[in-house]
Structures are given as structure tokens and as C-alpha cells.
Amino acid sequence: METFVFFVAAAICLAGALGVVLSKNPVHSALSLVGTLFGVAVLFVAQNANFLAAVQVIIYAGAIVVLFLFVIMLLGVDRAENLSVDPLVGQRAAAIVAGVAIFALPVAALATTGWDATGAIANLGSVSDSAVPDVEGIGRVLFTRYIFALEITSILLAIAVVGAVMLAKKSPKAADMIVDLPARPTSTDADAASADATSEEGTA
Amino acid sequence: MLLAAGVEPSWYLVLASALFAIGATGLLVRRNPLVMFMCVELMLNAVTLTFVTFSRMLDDIGGQAVVVFVLVVAAAEVVVGLGIIVAIMRRRPDATADDLALLKG
Amino acid sequence: MHALLANLTAPLQAADEAFDPIPTPEIEWFTIVPLLVLVGAALGLMTLTAITRRPLFGGFYPLATSVAAIGAAVCTWPIWDRIQDPERGPFTALAGAIGVDGFSVFMTVVICSSVVVAALLADGYLKREGLDGPELYVLLLLSASGGVVMAAANDLIVLFLGLEILSLAVYTLAAMHLRRVTSQEAGIKYFVLGSFASAFLLYGIALTYGATGSTNLVEILSYLTQVALFDNGLLLAGMAMLLVGLLFKVAAAPFHAWTPDVYQGAPSPVVAYMASGVKAAGFAGLIRVLYLGFQTYRVDWQPVIYAVAILTLLVGALMAVVQTDVKRMLAYSSINHAGFVLVAVQAATERGVQASMFYLASYTFLVGGSFAIITIVGRTGDDRHSLDDYRGLAKARPALALVFALLLFSQAGVPFTSGFFAKFYAIAAAVDAGSYPLAAVAMLTAVIAAFLYLRITVSMFLGDVDDADIPERRTLPVPVGAAIALVICVVVTLGVGIFPHVLTGPAGDATAVLVGF
Amino acid sequence: MIGAIYALDPLYLDGVGLAEVLITLGKVLVTFLILLLSVLFMVWFERKVIADMQNRVGPNRAGPFGLLQTLADGLKLIVKEDLIPNRSRRFVFALAPFLSVIPAFLVFAVVPLGGTFSEGDPGIVTIAGHETFAQLADPPIGVLWILAVSSIGVYGVMLAGWSSGSKYPLLGSVRATAQMVSYEAAMGLSIATLIMTTGSLSTRTMVSVQAGEGFAGFVPNWNVILTGIVPFAIFFIAALAETNRPPFDLVEAEQELVGGFHTEYSSIRFGMFFVAEFMHPVTMSAVIVTLWFGGPAGPLLPGFLEPVSGVFWLVAKVFVFLYIFVLIRGTLPRFRYDQLMDLGWKVLIPLQLGWLLLLAALNVGRDEGWNYAVVIGIGFFVVGGATFFLLSRASEVSRQRRELGEVDA
Amino acid sequence: MLAANLAFPLLTAAILVPLAGALLIALVPATRREVIRPLAVLFSATTGAFTLWMLGAFDRSDAGFQFATSHTWIEEFGIGWNLGVDGISLFLVVLTGVLFPLTFVAVTPKHDPKAYYAWLLMLQAGCIGAFSALDLFLFFIFFEIVLVPMYFLIGGWGYGQRVYAALKFFLFTMFGSALMLVGIVSLAFLDRDAALERSEVASEELAGLQESIDVREVSGVDVPQEEYDRLDELTASVEGADQLTFDLVEIAEGRAEALAADQAAIDAGEMEARDSWNPLDWEAAKWIFLAFALAFAVKVPLFPLHTWLPDAHTQAPTAGSVILAGVMLKLGTYGFVRFGLYLFPDASLFFAPVIATLGVIGIIYGAVVATMQKDIKRLVAYSSVAHLGFIALGTFAMTTQGIGGGVLQMVNHGISTGALFLLLGMLYERRHTYDIAAMSGLQKATPVLAGVFTLVMLSSIGLPGLNGFVGEFLVLAGAYLTLKWWAVVAAAGVILAALYLLWAYQRVFHGEPTEEDLATPDMRIGELAYMAPLLVLIVFLGVYPKPVLERIEPSVAALVSHIEGATDFEEPAAATSGFSGTTADDHGEGE
């Protein structure tokens, strides 16, 4: 059963990941990302991390990717990208080599340890103990060991709010812009959409 | 029965590292800042999967607790990142990472 | 069956009674007072802006920011006092999340000073550019709080969160000049690459967690000292990933590519903060991880840092020389400086930590002052940064040119300035650890980098001046804030250059504790 | 993994055999059918009630009281020509209706449909000698499931609008997205108060807790009372917005956006949106009842009705809310977009946040033995008052700035 | 004679006074421009007076460091404000003290007098500091800091290619000294390591002694006082062992001791001599010496590293050239003596042939290239390369005569080349060119200038009876004993020097003057006045060098015996004969 779940979810994950990278259209990339997110959520459930699975879906699928799509639509930047041109000669090949290396490093590391973690066992509370639901276990850890970390995430959120507000300030007039680059053609469609949506900025 | 388990936890780790590598490669290959950013999310997902798997292997709930932080950070990153992307793309809707080569010298 | 049913109903009964309260750990409030001051000031500032139509008086925001930063620095005094008490010494607080030791206190003060300098610069800059924005000050303070967290982080997760707090604010700040396309490009570039690096850092944390079973540095250390890991691939991979993430933040080669672009595009006062505060915090994190968590694995990380240091030194120096934009020059030079700090870090000794602390502290003022001048010379639009824009500055604004020359010479390592001692201590640390070739390479790159500083001085002092250009330059306004920042930077640079023990003393007192943790 | 499955339902305690699989499939089927039927009913109900309010007759041709009108409409939709606009993104265009309708079904999976909850009974029913819960599944994170699935619902709307390749649907979906994401925050916060008071994320446990003895013997122990009504009110408003029900139906504001995100849809694809749209009030009512009004819990019915008393109470309570939904639709005018956003961000979220903190303070006060009156006094009047002052002052200042045109950076 | 150990810190004052002057001048308001020059002269002359006072108060019989001051600066590293002069550095300090005010009087800047004088005063402070520093770190600091004022002087007040020349000057010298810093630090740490090693032995003894004393104390047996003293002594040495020091004397003497012990072991056949030329076999000292040598070689400059010098000299303003040639080049040769021979007798001996070879190449090469110059200032610059080659040769001959001659030659070169550059400055002022071909027959129009020029030039050539001769002769005589063939080749350089200088003289001052030449004004009285002290010195030192030599000799002799003690080097008997006249009775015939 778990084997089956694993392989299906893993296939979804990998397909989604490849979709993100290979889709020409950013919307398709975003949708592929959702696929991966669900796959990962399923893998969480398969490993008894129910709470995280739910949170993963709520935060990632429900908020993050939605925001992505929102931005794509708001800006009208869903233009397909021409992937057949290597922007920098050899960059793509180099990136793939780097990718393989990045994949190989942890796998090789795991191989040396006999495909097993080497760390100390059950430091902060057991996962397999079904008497304590994972939500409670996580809660306990968050409010004891990670209490400081938990508190400082508030700073992070404050920064996100302040930063977003600052960046979303009304766009200056085009004449005011200091643009030191050649003019580019702009799509009228996208302009119309973004002009109307500008006032909705603050809510993003 | 169907529930007979035959999955090695390390498979999850290998899967996670594959996801991570795909994300990293994608970030290096793609030029669209939005897609690059999605690749970062892929990488973060790979990390959360790794954490959960280790949490299971070590039978330690601490690994799962960490994932909560990763999620919060991811959310905050998205807000800021999309803020910047909106700020720039509103002015130049067709910006790609190559156009950002304005800053070369 | 029935036992399980009882299990299922148990929560019902539990819900009726008072919940079993979680034994929350003791919070040593006094250890996080600096952090609270910074965050509190940021929130206060934000609230105040929301409920008042205009600032209370001109220069209120920079003043408040500086006062807050200085206040935070002052608030470290009782902590320092307690740490230096030989009977009590350093300790961990907040359930082991932060390590309260001299190092963290020292770095806190360094980060706070960089905030002061940046805030003073920002005042005139914002006015000139017609940007309004208490947000800049708020984000500056919040970002600094992240740096403070990093400096004290005793847990990889806390470190990561500190790094994100630090970085996210800076990404935004880099993109804050909404009228400059380059500013936003800098922001986006910094952001994408920065989160890329964060992901690596996080993956490193995950692997380290798998290898040691904890994210707490002290626990990692004690685990690694107790358990001999024969097959430690996981740990090494984790360490490598962690290093990638942290080295990116300090702009070490080969993870430096973002630096010149971001420095060039971002608003100059923000760059001052990036080059000083952010870098200091990044190194603080690096040192904490390497010296504390992976203390026992120094044989493994030393060669890596060695190689990275050489690469960083060379890249920084060689690339700097071919630039024509002063901001880019200083960006590469900051890479070179990062290399010097790495030289000190590589030593893996107390002297090494001390040297890097000294370096970061003095560099904070050097780079702060340098960017103060760049801010001033950049003029409205913040885009006049080519070498030509500095031509004849000595004629038009002799004091400004002289101060810039002083700061540049100090960066080059000319004696009687803080920069010289910074380099000296770094070299001494490397030599003490037996890394002679590294020390030699470092000094040679210092000479190469000196060429760059000389190029700037040349165009300020010795360049052929078009007289028609001078009157315009005479009108270069120097805002009060920037002037104060410059005075501070010059005083520190010369003061430390002549009496280095004002810094080495505290640095020495501070390190004794981190390494021997 | 195995433990996780067991925790879902006592049905699987003795291992999973054919009977268990059949029972589960049966439960799935029943839930699905109930929902479909309820949609048919809901459409009729809404039309009928509104017609009554407007002194009209409403549907009255097909079947008794026009009951089969919806069925006829549905059949008509199915046989109509399926139009796919040229500029649409075909794959996503086809996908969007499913994304819209499936989440609406999924929410129902964790709603307890029956079972007895009185006297500490955990709500177990017996089917063919097997003990099980009267709900499709009871994951320990049931409440999060609701949140998660409802947040997925956005995709349908969003992608439909985008893939149509047309301006009005796009604008509609952009609006919808912002609206749904915004109100989800308020909704999540109000659910947080529930979690705090009940101490569980499982919907069944929540119902059980609410089935407990209330005050003075007759006031039920419902969450709506325990949490002080405000969170419920916020939840309810957010639920209206989440489901794009009037007065929050800007997504499909005919006067501005033609049909909103589904302008370009026709035939069965449109039918699916339609189903989803009318399923939302049903599922939302069920969720509201489960979370705030004790779900199927209630006094046992006398005699042979005893086994269905849970179902009875649930249906009764849901009916009340369905009526309220329709009532609101029939009476309230639509919000303006900025009003909508202001309400969400400047009123609901701060209020809910403050309320959550107040409840938390009370909880802490209970553990520490503080005086309730003092806690409420300080929390509500001092802190709340100060916050209110600050917020109103801030919005006043920002209004002034806007008028003076100082916003331009 | 005044007591050598004055309460008044003469050296510190000689450094701080010009610095204070620089600061003061920088603060002079723009409206009071006229006070700048007098102020500069005042401060600089005060410094000169201090140095002259030192000259008077110098105890000629003392070979050690006099007027020594010592203050801790950076305790952690054992860095101190340690100053002092001995016979080797005394005259260089005096030269610095005197030459500066002379140039102040002689040359006025074209523009920005404020900055000009401030930089020059800083330069003076730096040079005096470098010549008198007895702490390696302090020396390095002064060695390095002098670059900055010079850089600005060349760049700000120089001629055509000044920016290029200034950059080249700065980077070359900094490149050299960069490695020296690594060398200095390495040396200090190696010294500490050696001390720790020694202290291990001491601590073993300490432990044993302590135990035996304890045993006796417990049993009531009397312990002799000496043992207690020894205990304290050992404790002190063990405790201070991990303290770093940058003190020159301490490190040098420590090294000498260790080297002497090694040498003894080698003599006894217990150890192999380490004189392999394979770099892989080298001990640290050789590498560190190379780091030092590189810095000094750039500064001197020795042959392949000299290319910055002609540019810097040619493009520098007159004052810059005078100071550069007169004082700053000596930093290199002085460094060789003080921080090469004294600190690394072993490595110096090892590398002596190499450096001497470079010196000799410099002599010949400088002379040949000078011959071909069209620009007279460049010619003089190349002549400096040749002259300094002599000094390097003399230094690495390691004989009393060679080193002493080198030191004397440093002073001589400072005087005569300084004077030459001053004269060239006058020429330029009159003709606005340095082009040899552009002038001819000036003798007719400017007989006094020609006369003075002749004298100075002859001194530079090394005509007997003038100062240059004494130095060159001593160097050659000293070098002949240990580096025979080098000395023979170098002697040819003397002849070449005569060739290029006389030829240049002939082209400029003889021949048919054009109208322009005839209109060239002669030297003014004022110019003659400030040239006079230099001319007097040229003649005086040529006729009666004894007062200088007798002060130099004890220190040099001590240095040579220091080398002998530390290595297997033995000074040839002929060289031990004194050369300063006064001691001729004790040592037999001198020159």
C-alpha cells in the first residue's frame, strides 16, 4: 500500500517538478507546481505527518501558488517563453551538470551512511507514538524548544507586510522613471489589465 | 494485506534530492523571474520532504516542527518576492532575467 | 478494541478539564533586550507614521532609528557584564535557542553601528530622491534585528530565520527606489539568488539534522564529540550545503555573482548597510556554525574555506580593477574584503575569530563612510557613479575628497587606519595557524586591490579637471546626516588605526568564550 | 501509515476486509448523492424563497411545486452545444470546472452527518454489525481539511477566468482570487478560536465537545456561545465571501463583468460551475453547523426515531442556515470592490485577531487563576480601545493624505 | 657632551613635531596662505634641529641603540613604540632632518602650498620613524605610510606623466612590502613558537625544582636562596613564553642565540649545515628573508625591480625627487642592513651572492642606461640605480668596511644626488625642460651654476677628495675581500659613472650656446645660500670623513660580529682593520 502510494505520489511530484521547469507558459508552471505540492502532501500523509500535509496544502496550494497565479494574471505576463534558445551559450548544459551534481551529492552522502540517518533518535518527542497526535507533538516542540524561533517569525511577517506595502506604492508616472535602457514594445492587453488592477494592488 | 509496507525511508530522501536538483537546475535555466521563483519553491518543498522523512527515520517530532518554519518563511518570501516582481513587471511587463543584465559592466 | 475506543474518547474528557499546559521554558528576557529594542522601535515608528500626517520634525526618522540602534547597542552592556563575570560566563538562553556570549554581543554592536550609519545616510538620500519612506527605516531596523538573531543563533533554525529576516528586508530595500529600474532589477536579482542560497542553507540544515538528530548547534557539537561517525557523508553533505548558503550571503566567490549588480543598482545607503551589517551578520552565522557546531570537523571545513578564501580574494581584487563604475568597484572590493575575513575564519583559532570580528567592525565604518560619499556624489537619481564623476572632486570639495581618500587608503591597508590593523590581524591569524601561502596571497591581492583605490583617488585628486565642471560640483550638497556619518566613520577609522586596542580588547574578551564553548 | 488509517475510523480496527471496503464505498456514494440531491433542492429552494419575497410564484411547472425544474434545467444544459472559445487555453479551460466542483464535494467528507453524541458518546453508528462514524472520514486534522479544500476552490474560478482568453472573465477571476484569499485569512483566524476552545482539529471531536452540558441546563454548549458570537459572525461573513454569495458576488457582477469568470462557459461545463455554486451554501451551512452549532448533536428523539436523531438535528440546523443564505441574497445589495476589501482587511481581520487574543488571555487567566472581569476589562476596553483608536486614527490620516494627493511617492 | 639618555624623547619629538606641523598647516585658513611656508620651514627646521642635537649628543663609543624610547602600543601582540638610533641609522636620521628644511627653502610649489607642505611634513615624520623604529611592526608601518605622501606629491605636483608614475611608484612599493608584512608576522610567531619550545624545557626544570623545594620545605630542610631565585626566574620565563613580540632586538638576539647553538652543533658534526639551494629544503628564515628582501629590493631598487624609479624621479616635482633620491631610497638599503643582516645573518649570508650580483648588475646597467638618456633628470635617476647597487654590494660583502662604506655612501648619495636634483630644479625653472639636447653652452651664461654643478657631479662620480670617493672606495675595498669578482666588475661602474655624467655635463654646459641659452639667468645668492651647506658637506666629508666614520664604525663592527657569532661567516682579517682614522692605532692601517 505504502509502496503504491509512494510511487504514485513520487511520479506526480517529479512530473510536476519537470512541468515547472519545462513549461513554456508560467501558468502551466504554476499548475505543475500545484501537482508537486499535492504529491508532497501525500507523501507527508504517508509518513504520518497529517498536520503538515494539511498545512502544506493550505499555505502552498491555497495561498502561495494562488498568489503566483494572481500576479501572472494581474500583470498579464503569461506570455510563453521561448525555451529553444540557450540564453547564454553553454549555460543550459552547465546548469544540467550542476543539477546532476546537486542530486548526486545527497544521494552519495546517503549511500555512505547505508541509506540511513545517523542522528540521535527521538530527541524532542516521538512520531510513532499514536497516543500523542502529531499536532500536539509539533505544538509542544514549537512552544518549548523552538519558542524563540516561533516568536521571531513574527518579525518575518512584519517585514513581508511593510515590504509589500512599500513596493506596492503607487507607480510613478512614466516620465518620472529613470530608465536607462532601450524602449521595448508593450502589449496593450496587458496594459489594460494591469491599469485596471492597479488599484487592487494593496490587497496582494 | 494491502497495507504491507515495503518502502524504505531513504527513497523519500532520494526523491527529495531529485526535486531539489530539478528546482535548482530550473532556476539556473529559466529566465522568467516568476518561474525561477517557483523553482525556489520546489527546492523548499524538497527540503520539507527531507525534514519529514528524517523526522520519521529518527522518530523525532522536531523535524516536523521545523517544517512549520519553512512554510512560514516560504510564505513571507513569496510576499516580498512577488512584491518586487510586481514592482518591476508593472513597468516592464516582458522583463526576463536576461533583461536584468542591464546591470553588467 | 475497547482500549482503543477509550483512547478515542479520551480527548473528550481531556477537553472538559483544564488542558495540560505545556511546560514553557524560562525566558531570559534581558538577553533579548537589544532585539526587542530594535523591533519595538521599528513597530513604534511604523505606528507613528500611520497616525501622524507628517514626521514630528525634519530628520525625525533617522534620529529615532539611530537612537534605537544605539539604544540596542547600549542594552548589550548588562549582558556583556554578566558574560565577562568570570564566575558566570557565557550561557545559552531561551531553551538553548540563542547563545549569549561575547561574540554575539560584539556582533550585535557592529550591526547596530551599521544601522546608525545607514540611517544617517538615508535621510538626505530620501529627501533628494523625493522618496518618502519611514519604511526604509523600519525595514532597516527589522533587518538588523535579523542580524542580531543570527549573531546569537545557537540553533540552525534560528539562524535560518535570522538570515531570512535579515535578507527579506534587504531585498525589499534594494528594490525600494521605485523610479529607478536598476534598483528594482537589483532587488529581483538579489531576491532570486538569495532565496536560491537560502534553499541550499535549508537543505544543509535538513541533512545535518538527519546526520545528527538535532538542529541545535550545542547538541550537534556534543553529539559529534560523543559519537564517532565513521560514515559521515550525510554530515559532510549537510555542511557543504550550509556553507553554500552562508558563503552566498557574505558574497564569497564563487557565490559572489550577485554582488556587483546589486550594489550598483540598489540605493546607496542601503548598499552601505548591505556591505557592512548584512556581511557582518552573514559572517557571524558562518562563524557560529563552523566554530560551534562543526568545531570537531574543522579538518574537513578548513581546506574548503582555504580554497574559497583564495578564490574570493583573487576574484575580488582582479575583477575590481577592470570596473569603471565606483559602486561596482567597491562591490568587488567588498568581495576582496570578505576574502580577508575568510582568511581569518580559516584559521579556526580564537585569534581567527578575533581577527574577523575586528575586520568586520572596522570594515563597517570604512564601507559606511565610503558609501556616504558615493551617496553624495551620486546626486539626484543616484546614478552618477562612474569614475569620471569623481574627477576634480578634490578641487570642488577638498574635505570630501580627502575623507574618501582616507577611507579608500584604509581599505587598501595603509597604516594608521583601521583597515591596516584589520588586515594585519587577519594575516596574523592565518600565519598563526600555519597558512602562510594564504596570508601571502591575501596580501598580494591587497596590493592589486590597492590599484583600484588609487584609481579612484587619482580621478579625485590627480585627474585633469575641466574647469567648467567645477562650479557644478561645488554645489554638491552634503546633508547633515551624511556629514555626521562621515565624521563618525573617519573618527573610528583613524581612532582604531592608532589605538587598535579599543577594538581588539573587546574582541579578545568576546572570543575567549565562543571557541571554548 | 497504518496508525494514521486506524485513527480515521474504528471501522478499520479489525483490519480491512471486503465488508469494510463496501461500507466505505457506500458511505462515499451516499455522501455524493446527498450532495447532488441537495443541489437540486437548493436551486429550487432559493428560487422559490426569493420568488416569495418578491411576491412572485417562482418555478411551478416541472413536477409538484416546480420541484423538478432544476432537473429539467440540468438536462437542458447537458444536451446544449459545448462552445470552446478560440482564444482559450483548451486544457485549462476544460480543467477549470472540475477544479471548481470537486473541492465543493470534498468539504463534505469530514462533516459528521449523524450518530449520537449525548453523554460522551463519540458518535459511532453501527452498519451491518460494523462500528463506524457517520461521516466519510474523520482525520485528526478535519478542520484543516475544510480550510485546505476550500482554499483549493479558488483555482477553479481563477483558471476559468484566465483560460477563457477574454477580458471580463479575467477581471472577474482576478477579483475573485483577491477576495477569496483575503477572506480566507479572516476565516482561518476565526477557526483558530474554535481550535483553542475545543482543543482539537477533528470535526467529530468538535461536535462531541459541543454536545457536552451547557450553562444553566438549557443553554447548549455550542461554540458559537463559548467563543462569544463574534468569531462566528466573522466566520459567517467570510463564508459568504468565500462562496461568492451575495452580497459578495462581485465575481459575477452582471452589470460590470457580464457573467464573470464563467462568461465563456456553456453547456455541461457551465453546469458544473452552477452545481458548485449552489453546493457551496449547502456545504458551508453544514460546516457552520458542525463547527459552531453542535452539528448532529442534540437531544435524542423519542422512540423509533432515536437512531436518526443526529441526522434530524443536522438537517434542521442546516435548513435554518440555508434559509438565512437565501434571505441575505434576497435582501442585501452588492458591495463595492473597495468596500469589500476594506471590510475584510480593516474590520474583520483586526477584530478577529483581537478577539482571538482576548480568548487566549482568558484561557491563560483560567490557568493562572486571574479574575475574568479584570482580564476582560483590560483586554477588551484598554487594549481593544487603544487599538481601535490607533486604527481609526490611521485610517483618518490615510484618508486625509489621499485627499491631499500625498500618496504619490 | 650631553648625556645620551636624555629625559627628553628626542626621537619621538622628531616624529611628532612634523606631524603636528602637517596638522597645523592643514588647518590654516585659506585667507592666511602666506603663513604656510614659514610654518612649514619652522616645523621642519625644528625637526632638523632635534636631529642635529642628537648628532651632537651621540655617544660615539656606544655600538648599541641610543636615545631609545619604548612604550607599549598593542600589548596583545607585543608591539611597542620602540625607537632608537645607532651609528648606522644616526646619519640617515640627520640627513632626513636636514634635507627637508633645505628643500622647503629651495623649492616653492606651483599650486596648493597647503597640501604640499602638509604632505612633505608627514613624509619627514614617516622617514624619521622608519629609520629609527626598533620594532618590526612599527618599522613596517612607517615604511608603508611614507608611500601616501609621496604618492600625492608625485601625482599632485609632478610633471606630464605624473599620474602614471605615482601609481607605479605606489603599487611597486606596496607590492614589495605586502609580503614583508606576512614575513614580519611569521617571524614573530616563529619566535614565539621557539620561545614556547624553550619554555617547555624550562617548565620541566621548573617542575622538578618546585618538587624538590616542596619536599624540602615540608621536611623542614633549608632551601638555598639561589634556588628560590632560579624558581622565580623560571616561572617568569615560562609565563611570558607565549607572549608575542615584534621587538627587533629581542627577536634578532633570540635568533642569533639559536643560530649560534645550531652552528655549534654543526661544528660538532651533530647537525648538517643547511645550505642547500633547493627551495624545498629551506627553513622558514630563508623564506621570510626573501619576503623582506623583496620589499627592500623594490625600494632600493635592485635591478629587475627598478623600473618605477626613473618614472617616479622624472615625473616628481623637484622636492619630491630630492627627497625620493636623498632619503627614501635609503629605506631599502637601510632595511637590508638593519632587517636583513641583523635579523637574518644566516639567510643574508646565504643569499649574499645573489643580491650582490643584482647590485653589480644594477651598477653596470644603471650606468649604461644612464648614458643613453636624453632627459637629464632621467639620467640622474639611473645614476641612482647604479649608486645604490654599490651600497647593496657593500652591505652584502658583510665586512666592516663594506657595510660601513655602504652606510656612508647612503649619506653621500643623499647629499650629492639631492643637490643634483636641486640644481636640475633650478635649470628647469630657468629653461622649462630637462631635455639635454635643448641646452648647450650654458657655462657662458651661468658660470656659477656650472661651477656648483661640476662640484656636485664630481662628488657623484666619486672623485677623490670629495665625499663620494670615500664611500665607494670603502665599499670596493670591503667587497674585494669577500666578493672579489663582484668588486672587480663594480669598479668598472665607477668609470662608467664618470663617462655618462661628464658627457651630459659637456652637452649641457659646453658647446655653442643659442640665444635662449645665453639669456638663462645665473644662480641667485639665495639659491647659492641653500646649496652652500650641501657643498660644504661634499667637500668636508671628502676630506675629513672621520667624524662620521667613527660614529658608524662601532655599530657596524658590532653587526659584523653579530653575524660571525650566528653563522660560520668569518670576516677576513684585512677587513677587521678599522677605517675611521681614530681607531687606526688600534687596528693598524686603514684605507
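What to note about this one:
As written, the chain order gives the labels A, B, C, D and E, with residue 1 at the start of each chain.
Throughout what follows, a residue touches a chain if its C-beta (ideal position, glycine included) is under 8 Å from a C-beta of that chain, and two chains touch if they have at least 3 such contacts.
This one's a predicted model, so the numbers in the text were calculated from it and none came from an experiment.
Any chain touching chain A that also touches chain E appears here: C. Contact with chain B and chain D alike is made by A, C. Centrality annotation: C (chain centre taken as mean Cα position, compared with the mean over all protein Cα atoms).
Comparing mean CA positions across the assembly, the chain most remote from chain E is D. Of the two chain pairs examined here, A-B and C-D, it is A-B that is joined by more C-beta pairs in contact.
Computed centre separation for the pair chain A/chain D is 27 angstrom, with centres defined by C-alpha atoms. Averaging C-alpha coordinates per chain places the centre of chain C 43 Å away from that of chain E. For the pair chain B and chain E, the distance between mean C-alpha positions equals 64 Å. Touching of two or more other chains is recorded for residues 133, 157, 161, 164, 168, 171-172, 175, 178, 181-182, 203, 207, 209-210, 213-214 of chain C. Under the contact definition stated at the top, the residues of chain D that touch 2 or more other chains are 1, 6, 409. Per the touch definition, chain A reaches chain D in the complex via residues 1-2, 5, 25, 27-28, 31, 34, 45-48, 50-51, 53-55, 57-58, 61-63, 66-67, 69-70, 73-74, 78, 128, 130, 133-135, 169-170, 172, 192-193, 196-197, 199-200, 202-204. Residue ranges of chain C in contact with chain B, taken from their complex: 157, 160-161, 164, 168, 171-172, 175, 178, 181-182, 184-189, 191-192, 195-196, 198-200, 202-203, 205-207, 209-210, 213-215, 260-262, 264-265, 323-325, 328.
The touching residues of chain A, when paired with chain C in their complex, are 105-106, 108-114, 117-121, 123, 131, 139-140, 143-149, 152-153, 155-156, 158-160, 162-163, 165-167, 169, 171-172, 176-181. Interface of chain D with chain C (complex): residues 6, 10, 13-14, 120, 122, 198-200, 202, 205, 208-209, 212, 366-367, 390, 393-394, 397-398, 400-401, 409.
On the side of chain D, the complex with chain A involves touching residues 1, 3-4, 6-7, 89, 92, 139-141, 144-145, 147-148, 151-152, 154-155, 158-159, 161-162, 167, 170-171, 173-175, 177-178, 181-182, 184, 188, 201, 337-338, 341, 345, 407-409.
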